[in-house]
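In the two complexes that follow, subunit A is the common piece, with subunit B as its partner first and subunit C second.
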Partner chain A sequence: MLSVTGTSRKLDPEAIAMINACYQCGRCSGGCPVVREMDYSPRALLRHLQLGRWDQVLFSKTIWLCAGCYACAVGCPRGVDLTWLMSRLRQVAMACGLENLPVKFYQTFVSTIVQDGLLSEPIFLVNYARVAGWQVLAGQLESGWEMFLRGKIPLRPVRLNNGGAFRRALTSLLQQEQATGQPSGGDL
Partner chain B sequence: MRYHYLPGCSLHGSAREYADSFQAVSSRLGIELLELKDWNCCGATAAKAITDELPLLLAARNLILAQEPPGNIMVPCNLCYNNLAKGAHLLKDPDLKKKVNLLLQPAGLKLETEVAVRHPLDVYCLDIGLAEVIARVVRPLEGWKVISYYGCLLTRPKEVAIPDSNYHPQLLDNLVRGLGAQPLPFSGKTTCCGGPLLLTDPNVAYSATRKLLDEARELGADCFVVTCPMCHLSLDGKQKIIEKKYNTKYDIPVFYFTQLMGLALGVSPKDLGLKRHLVSPFKLLGRV
Partner chain C sequence: MGQPRTGVYVCGCQGEISKRIDLHQLAATMAKKKGVALCREHESLCSLQGLQLIEDDLRSGEIDRVVILACSPRRHEETFKAILRKAGISEYLLETSNLREQCAWVHEEAKQAYKKAAILAQMSLARSRWLEPLEPLRFTATRRVLVVGGGIAGLSASLDLAEAGVEVVLVEREAFLGGRAAQLYRYFPRLCPPGCGIDYILQKIRSNSKIELTTLTEVKSLSGGPGNFEVTLLQKPRYVMPDRCTACGNCAPLCPADRKDHFDFGLSQTKAIYLPKGFPHPQSYVIDPDRCLGQECSLCRQACPVQAIDLEESPRERTIKVGSIIVATGWDPFDARLVEQFGYQQYPDVINNMEFERLVSPSGPTGGKLVRLSNGQPVKRIAFIQCVGSRDKNHLPYCSKVCCTVTLKQIKYVREFAPEAQIFVFYMDMRATGEYEEMYRLAQEESQALFIRGIPSRVIEDINSHDLILQAEDTLSGQMVKIGADMVVLATGMTPNQEFRQLGERVGLPLEMGAFASGHLQCFPFESRRAGIYAAGTSQEPMDASSAIKSAAGAAMKALVSLPEEIVIRPTVPVLDKTKCDKCKRCMEECPFGAWGWDDAGYPSPNLLQCRQCGICQGGCPMKVIALKHSTVKQTASMVEAFDPSFLGEREPTILAFLCYNDAYPAVDAACEKGLTYPANLVAIRVPCAGSLNVALVADALAGGADGIIVAGCASDQCHFVRGSDLAKTRLQNMQETLQRMMLEAQRVKWLTLNITDTEGFVRTINDFVAELRRLGPNPFKG
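Right after this comes the complex of A and B.
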């Protein structure tokens, strides 16, 4: 499995410009489908970023609960691509060594597709459970069984036919990222 | 009309009925589908959590495979569609394209020409034309009250969205109307179903999905129509779990838009995979 190391908390200039552009109107929070489940609303998270409060940001539930729907980004009057920023913050959190369930999910998923090029849904779920603990499947069993009965869970492993060189290209990219850490930029 | 076709990881499995109905309807409309040989995963939500470059490489390889004539690619899964269209858009930048080609050189891959990334909804309504689709309707879905649910990844961000509003689109509603049914005014047309969170935070995902189900029930909807496997999984696959969790009842079937089209165009229900839903749609079929 992948292991991500590195301690850089720097953000690239594009991200910093966006963070500084935010004038806290709250339209992002207003459109967010999961705001009520977050500890910091999208707007509040942006405020923490503006004030350089990295602990609040990286340990928040917020960055892991973003569903990636772009309701905030497309609505923002200041052009802040908050959806992209959430992905960047996940990258930073993982580079800092943060480990939680979503981290294990993303790392396992990426390991699987780098290895095989494709995803067999049931095989991936087994890989995920082995890393994260079998309880992650508990919530999937009922619907999973119903889907299996309806022929929607193919059990064949899948792999790219011509994937060797591509796998190496992906692996080398990921190794480069680990070695250099995050792209350099100013501190907030 | 010929299009390359990228099923993505879900259409061969959990979204099998989408694949079946998509192929049946495409064939009815005279579209020849060429499944992309040896396509790879789009990276879903995971790849971009690791690095910005990984989703680009994954997209680039699929785009490279689709460069062959007809130089286009139809992508039914909204997440694959969004990732691929995003990649295609970013790779228009010559410097980024050069950088990606350099990374892919050891694999003998090179992105040269632009590839048109399309969603079937857009292809059917615009390339084939809504009028042409309507002309082929043999079993209008009269009296069906349908929630046209687009989901988020088809309509945002702007550079990948189908040509329609980012928050209040009409394309699917117009198609539903054209099939003889009644599209209901629904405030959550593009409100995310929570699908991407199903494996990391299922309870948060359910909290998002239930809002859509609640509004649909309040409007007296007969069914949902969706364009994405994750939306289908959330609304259909998890409907009974959500009912139990919130101690409520919906019993609202969820169709892929290709299944609804198939029914109206006279395709046999057994070719549309209707038996594969978890919430049975058969009570509505008596009406057709």
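Right after this comes the complex of A and C.
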């Protein structure tokens, strides 16, 4: 159940200042390479944020489609770092309990790395399919086959040598983050 | 002069003061003090009767200076000063004590109010002993104005001044007049050709003998102040003698060298010898020395039928004296190369709005035909992008004001030259103010331009056809749109002329907020940071031609005011005692107005005509050798000395406050208006600016036993003298060491920012401070 009460308080003053600064010129949308796939353009999403329409924002496709290319932020005349804002909104969405496919993808990605010390595609796909449903593999068949033919997919799973030490280090970092509530080592 | 003979006058203010304070007793006490020749009580000193009393006493010779114990000096100081002048005495031999707004009206307890009144009177008497009979200072003025810049604002200001009977020296850097307006095809509101307006002004200027006009001339250096500036002008060589040249044009076809014509922003070329476009003045050819091949070539000289060419001409310098200066150096278009995404100067068909003006002008690169620069084909689809460089945190933070209306005007051009063309305008807001709104309506209704509210992120070019593609979100419908265009016009904003900016910094005329003087400020319109130098037109801020002409009239008016026959300034100027000066230069560095120079012996010397009499120099001088007349360190020290820190009794803490005259003192005066009262523990001394207070006086006050000290001034960005508050704050902070050595708590000295409306804040601070001082206990130096 997605809970949006008190969500706006989750945004830091810097983010709030940026949201207020936007004067809706639309340059961000003009440069966005994936705008046509989005339900709300980057500009429209920021408008919904200004009006406090959190249900539109957190349930949108927009925040998950953002490719992080920075075309929007570079041109913004009001200095809004929209790319960073998008990543904050994803964090807020997850903190509110949102569980869509992209969320499951991210979570599986991270847990695979924590487990094995690196990302091996076959292992990752299997882990992902387990939480997302085996139908996600169907969409990967064609490109997966091509990759396999080119030797990009090792049949034997690759694991890190001292996986245990890495796992312990990463786990303790993540626990620290949980405890202090502060992200460690920059935004993901 | 002998011993001072002071007349002390105690005013009851029709009962307003006498109701709270026993004035009989006060008068009796004052009459016995040393140096007091007489002491009178009156119910209303500001009445005709009261004033006559003072005047008679002055004329009788019994007294030679006046101390008035009455209402706030802000109320009647000028009234009393006038009486002194009437009696033939220097108005600076007057001292006023504020027994009403800062005593009777704000202290409820009568005994305490009396004690405070007595202390105030004592302090005023002490100061009065150090007053000097100052007279206004007079200087002869040069009744001539220098106008820098021969564009529409400079031309207009020159004419306005000349018609007011003032001599004008007008200098223009280029070989032609008319500036940027001359580069336009049409200008609004009437969409007439600028040539008409400029020609009209030029005819009048040529027939006005009061205007001396030279082109190819720049300002090399300037010094001095209002009424007596000295300016060195540099006239660059033309290499053609204008009184011989008939502009026959025989020379140019033979010239082997060419140059980019910057009148057309480099879109066209001329030979190295050329007749400037616009309004060449004089009507003569000019040689560009950077491109000319020189003596070895000389083809032009051989071709010239009247031997007008002089390849050996050298630059000429001359120095003139003027009374004031108007800077009308104009603007440059924002460099759109900085917004790389739009492809300016990468794609040939992306141009800025000034280049567009040249494109449609008959004297321009295409002879006035609206064709593509890439292939010469007629323009069928044209797109304008607004706000390029303006309103942008990454470039110009301000709005350049004119670009929206310029685009609306240029849409009309498109209809005139390409009636069938499709026109698109990508905008954020359309700012067409006043009657220009009609241009907006016409652009939509008649010219049928399509306005898309959304700025493209970038412009893309097809390498072969040079066709341009723009993609943007039409925010009004929420849909993405993609437009193909033959030409993209970037509505670029205005920046101040770059070359003059460098000179500006050399002469202490820095740019603020992107211009020499922001024109819309209410307090100092047209004034730059340097007294006597005014800004007109777009060197002030972005504006259209009609506003530039109006602003020129305003600047001319202000420049006129700096030109009396004689300059009379108030004598409250800083004076340096060279015997103790160690030439540390702090006064020169801290002065916000650059008013300190050197004298022949290497001592700092104030330029009195540039000085704004704030006293920041006095406040900072570590040797205390600078005296700001009528607010000298000695005079203030005498008040500090006369202050008895135990005036309310042994147990009561007392606070000495130094209040700046601009905001802090009025804020405290306003307490009575707001019905507020505060403890009588506070005694105030007014100073011209918080920065004029030398912190040695704070140390003196503490050594004398004052329990607490307050220094109050305007907010940092509102100080009338730019830095006074900031410097006062810093100096107080630097006092920490001194306080430690004196074994005094740092909390005893407070800086207070007081806005003129901050009375409530002030009252709260005083109450808190008194409580704090009670907790801290008395100053160990007391008693």
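By our rule, the second predicted complex is superposed on the first by the 156 of 188 C-alpha atoms of A that agree within 3 Å, B and C clash if a C-alpha of one lies under 4 Å from a C-alpha of the other, contacts with A are read in each partner's own complex, and residues count from 1 in each chain.
The rule we apply is simple: contacts are C-beta pairs under 8 Å (C-beta built on N, C-alpha and C of every residue); 3 or more make two chains touch, one makes a residue touch a chain.
This one's a predicted model, so the numbers in the text were calculated from it and none came from an experiment.
Chemist: Since both structures carry subunit A, what do subunit B and subunit C do when superposed there: clash or fit?
Modeler: With subunit A as the common anchor, subunit B and subunit C both fit in the superposed model.
Chemist: Who does A:59 touch here: subunit B (first), subunit C (second), both, or neither?
Modeler: neither
Chemist: Between subunit B and subunit C, whom does A:148 touch in the aligned arrangement: first, second, both, or neither?
Modeler: In the superposition, A:148 touches no partner, neither subunit B nor subunit C.
Chemist: Which holds for A:94: it touches subunit B only (first), subunit C only (second), both, or neither?
Modeler: The answer is first: A:94 touches subunit B but not subunit C.
Chemist: For A:71, select first, second, both or neither according to whether it touches subunit B, subunit C, the two together, or no partner.
Modeler: A:71 contacts both subunit B and subunit C.
Chemist: Taking the superposition as given, does A:36 touch the first partner, subunit B, the second, subunit C, both, or neither?
Modeler: A:36 contacts both subunit B and subunit C.
Chemist: Mind working out whether A:134 is in touch with subunit B, subunit C, both or neither, as first, second, both or neither?
Modeler: Touch status of A:134: no partner.
Chemist: I'd like to know which partner A:102 touches here: subunit B for first, subunit C for second, both or neither.
Modeler: first
Chemist: Check the superposed model and tell me the shortest C-alpha distance between subunit B and subunit C, rounded to whole Å.
Modeler: Minimum C-alpha separation, subunit B to subunit C: 5 Å.
Chemist: Which subunit A residues come up in both lists, the one for subunit B and the one for subunit C?
Modeler: 36, 71, 75
Chemist: Which bits of subunit A are touching subunit C when the two form their complex?
Modeler: Residue positions touching the partner: 23-32, 35-36, 41, 43-44, 71-72, 75-79.
Chemist: Quick check on the complex: what are the subunit A residues that touch subunit B?
Modeler: Interface residues on the subunit A side: 2, 4, 33-34, 36-37, 64-65, 67-71, 73-75, 81, 83, 87-88, 90-91, 94, 101-102, 105-107, 109-110, 113, 117-122, 125, 128, 136, 139-140, 142-143, 146-147, 150-154, 160-163, 165-166, 168-170, 172-174, 177.
Chemist: With touch defined as at the start, can you tell me which subunit C residues reach subunit A in the complex?
Modeler: 341, 387, 391-395, 428, 453-458, 471-475, 478, 480
Chemist: For the complex, which residues does subunit B have touching subunit A?
Modeler: Contacts found on subunit B: 9-10, 12-17, 38-41, 43-54, 57-58, 61, 103-104, 106-109, 152-153, 156-158, 166-167, 190-192, 194-197, 199-205, 207-208, 211, 237-238, 240-241, 275-278.
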